[in-house]
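Letters are used for the chains, namely A, B and C, taken in the order the chains are written, and counting of residues starts over at 1 for each.
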Amino acid sequence: MGEALLKVEKLFCERDDRILFDGLSFEVHAGEVLQIEGQNGSGKTTLLRILSGLSRNFDGEIYWRGESLAGVMHDYRASLLYFGHQPGVKATLTPEENLNWYAALHPDIDAAGIGEALERVGLAGYEDVPCHNLSAGQHRRVSLARLYLSRAPLWILDEPFTAIDKKGVAEKEQLILSHAARGGAAILTTHHELTMTGLRRINLDHRAGTS
Amino acid sequence: MSEMATNKPAAALERRPGTFRAALKRDLLLAFRNRRDLVNPLVFFLMVATLFPLGVSPEPAFLAELAPGLVWVAALLATLLSMDSLFRADFEDGTLEQALLSPQPLMLVVLARVTAHWVMTGLPLTLMAPLLGLMLFLPAEGMPGLMLSLLLGTPTLSLIGAIGAALTVGLRKGGMLISLLVLPLYIPVLIFGSGAVQAAVTGLPLAGYLALLGAMLALGLVLAPLAIAAALRISVSG
Amino acid sequence: MPRWFYQLASPRWCYGITGKLLPVFAVLAAVLLLGGTVWALLFAPADYQQGNSFRIIYIHVPSAILAQSCYMLMAIAGAIGLIWKMKVADMVAKSCAPIGASMALLALATGAIWGKPTWGSWWVWDARLTSMLILLFLYFGIMALHAAIEDATTAAQSTAVLALVGLVNIPIIKYSVEWWNTLHQPATFKLTERPAMPAEMWLPLLVMVLGFYCFFAVSLMLRLRHEILARERRAGWVRELVECR
């Protein structure tokens, strides 16, 4: 196995006087899919926000391709696709406008593929409908269409399957697997029972250390 | 090797020139789709100006003397009240997170947001100011000074206000707090802005005031996006 | 970066060193303030125009100077905390705000008391008083923002950004207010040039300013030590400290 894409060392984080995790270390290699498990409130979302670089209230070190994250932030952001708690979709814009804006923020994305990506998530015909006219599941699918557009090697997905039907989940699992097969990596949380093989899991329960 | 491995840093560093334009286009489109909200600061502007004759005195000579300051204070308050919502919707629906995670410079995205805000509030306020000038008996000679000073001053108000909006975006009780943070910083703009109108009324040269307002705008354009971007990262991180 | 810089970054080391410095500065502050007050009130000559009422400058001027220095320190400490993620710097910045605000308030109150016999009214829109009032507003903003944010790190970083924005603005505010009101007294006391006052008048003022600085150091250290204990309450050395008592 080569050098880890993402390496986390001795991560410590507390919120509201509660230690979420202490001494958390792991590596994510190309081709891996990592599932973060834990009860509600165990800090899954917080961990993903830390890994994405959004949250900086933690102690410990994170390395991207062997270099300290703080020094290669621009590079890291270009290599990251983050699907957050909020889908990041503007209700007053159409799915196409939303994705166009996302494409403008990520130079590696070819805006010409937006129509096809929307088709892949089952939103063909909805390109020009403002998102507030869409259902919650469709809303999230607009955001998930980014998975078909992005060429970023690292995907961080926070509950990507919420409000998605069974068939959709199976499709997205396949997508994540083929992303890994192409040399990418994914870190995700979900309440769904995943069927994909080769999944690695980290459980955050009882991670609070000895304090 | 896979196609991902060829995603070299050099390729990632290449910046798409259209980030600012795309962000501005999106923000203007959003404002256009929510255009009913655009009238609110203008109506507020008008109402504040109405309060003074009712609360103080309708006497033309008296109002004419106060008019430069009154119009400026009203414009300042209207801008201030429109600031709180600047980043709030983006924060709540997660698009702000996505903007922060973009490899494109956050300052450009932020500058686009402030520009859109100014086009939707500061500019209409400037265009509407002569009406308030008339209501408050501002002498006709003062009108060019009023419009020019607002044209140069309101963008600075938007830039400074955006710092306050960025600092309070994660807080539930943002509205009152943002006024506390921003009002003291608005004072120089108010002083030189209303000073310019007064100078115009009395026939003194305007250029000096406008140069000062322009200098503050230039300083704001350089420094405020830095502060706004830093504040947004901190607010979202918390 | 020199070694002391890293040592400063350690709350424990900081707690220790301030514990040793505290009594020194407390004695200095007491001696200077007491001596300065006696000198200023009993021995300095009365002003030939204002009589004895001018003696309030011995409190007014030092508190005004302190209010400004305190803001500087707060902004610089905030910047250090922001750049090097130094917890102690965050705590210094947080401890500065209420002290600076009280100094600004004291300067305003003594200015008002001084204004009554001098200008015949409690409040005059004098440029320096107005600038001080705006400085007080800046302090209020910073304290309000700090109070509104629950997470200590986020609060420290947010207020640091605001303090730096304020720092850039203070000269602009000062200039604009001075321009707005050119009818102000020239600055009473400038360290850079020889003051117009006779030596027997400004020497006690200098003593008072030094005394105020020492007093500021004392109250800053007290607040800082309190802050360190509160933030580090789970650290081993704080527990040991508590158990030893």
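The rule we apply is simple: a contact is a pair of C-beta atoms (placed from the backbone, for glycine too) under 8 Å apart; a residue touches a chain by one contact, two chains touch by 3 or more.
Predicted model, so just to flag it, every value in this text is computed and none were measured.
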Nearest-to-centre chain - CA centroid comparison: B
Highest-count interface - the chain pair sharing the most C-beta contacts: A-B
Length of the line joining the C-alpha centres of subunit B and subunit C, rounded to whole Å: 32
Centroid distance [mean C-alpha coordinates] between subunit B and subunit A, Å: 35
Chain centre separation in whole Å, for subunit C relative to subunit A (CA means): 47
Where subunit B touches two or more other chains, by residue: 237-238
In subunit C, residues with contacts to at least two other chains: 151, 153-154
For subunit A, residues that touch 2 or more chains besides their own: 57
Subunit A residues touching subunit C - in the complex, by the definition given at the top: 15-16, 57, 211
Residues on subunit C engaged by subunit B in the complex (per definition of touch): 82, 134, 137-138, 140-141, 144-145, 148-149, 151, 153-154, 157-158, 161-162, 164-166, 168-169, 172-173, 175-177, 179-180
Contacting residues of subunit B [partner subunit A, same complex]: 1-5, 7, 9, 11-16, 18-19, 22-23, 26, 29-30, 33-34, 92-95, 97-104, 109, 233, 236-238
Complex contact set, residues of subunit C against subunit A: 150-151, 153-154, 234
Touching residues (chain side subunit A, partner subunit B) in the complex: 30, 52-57, 74-75, 77-80, 82, 84-93, 97, 100-102, 104-108, 130, 151-153, 182-184
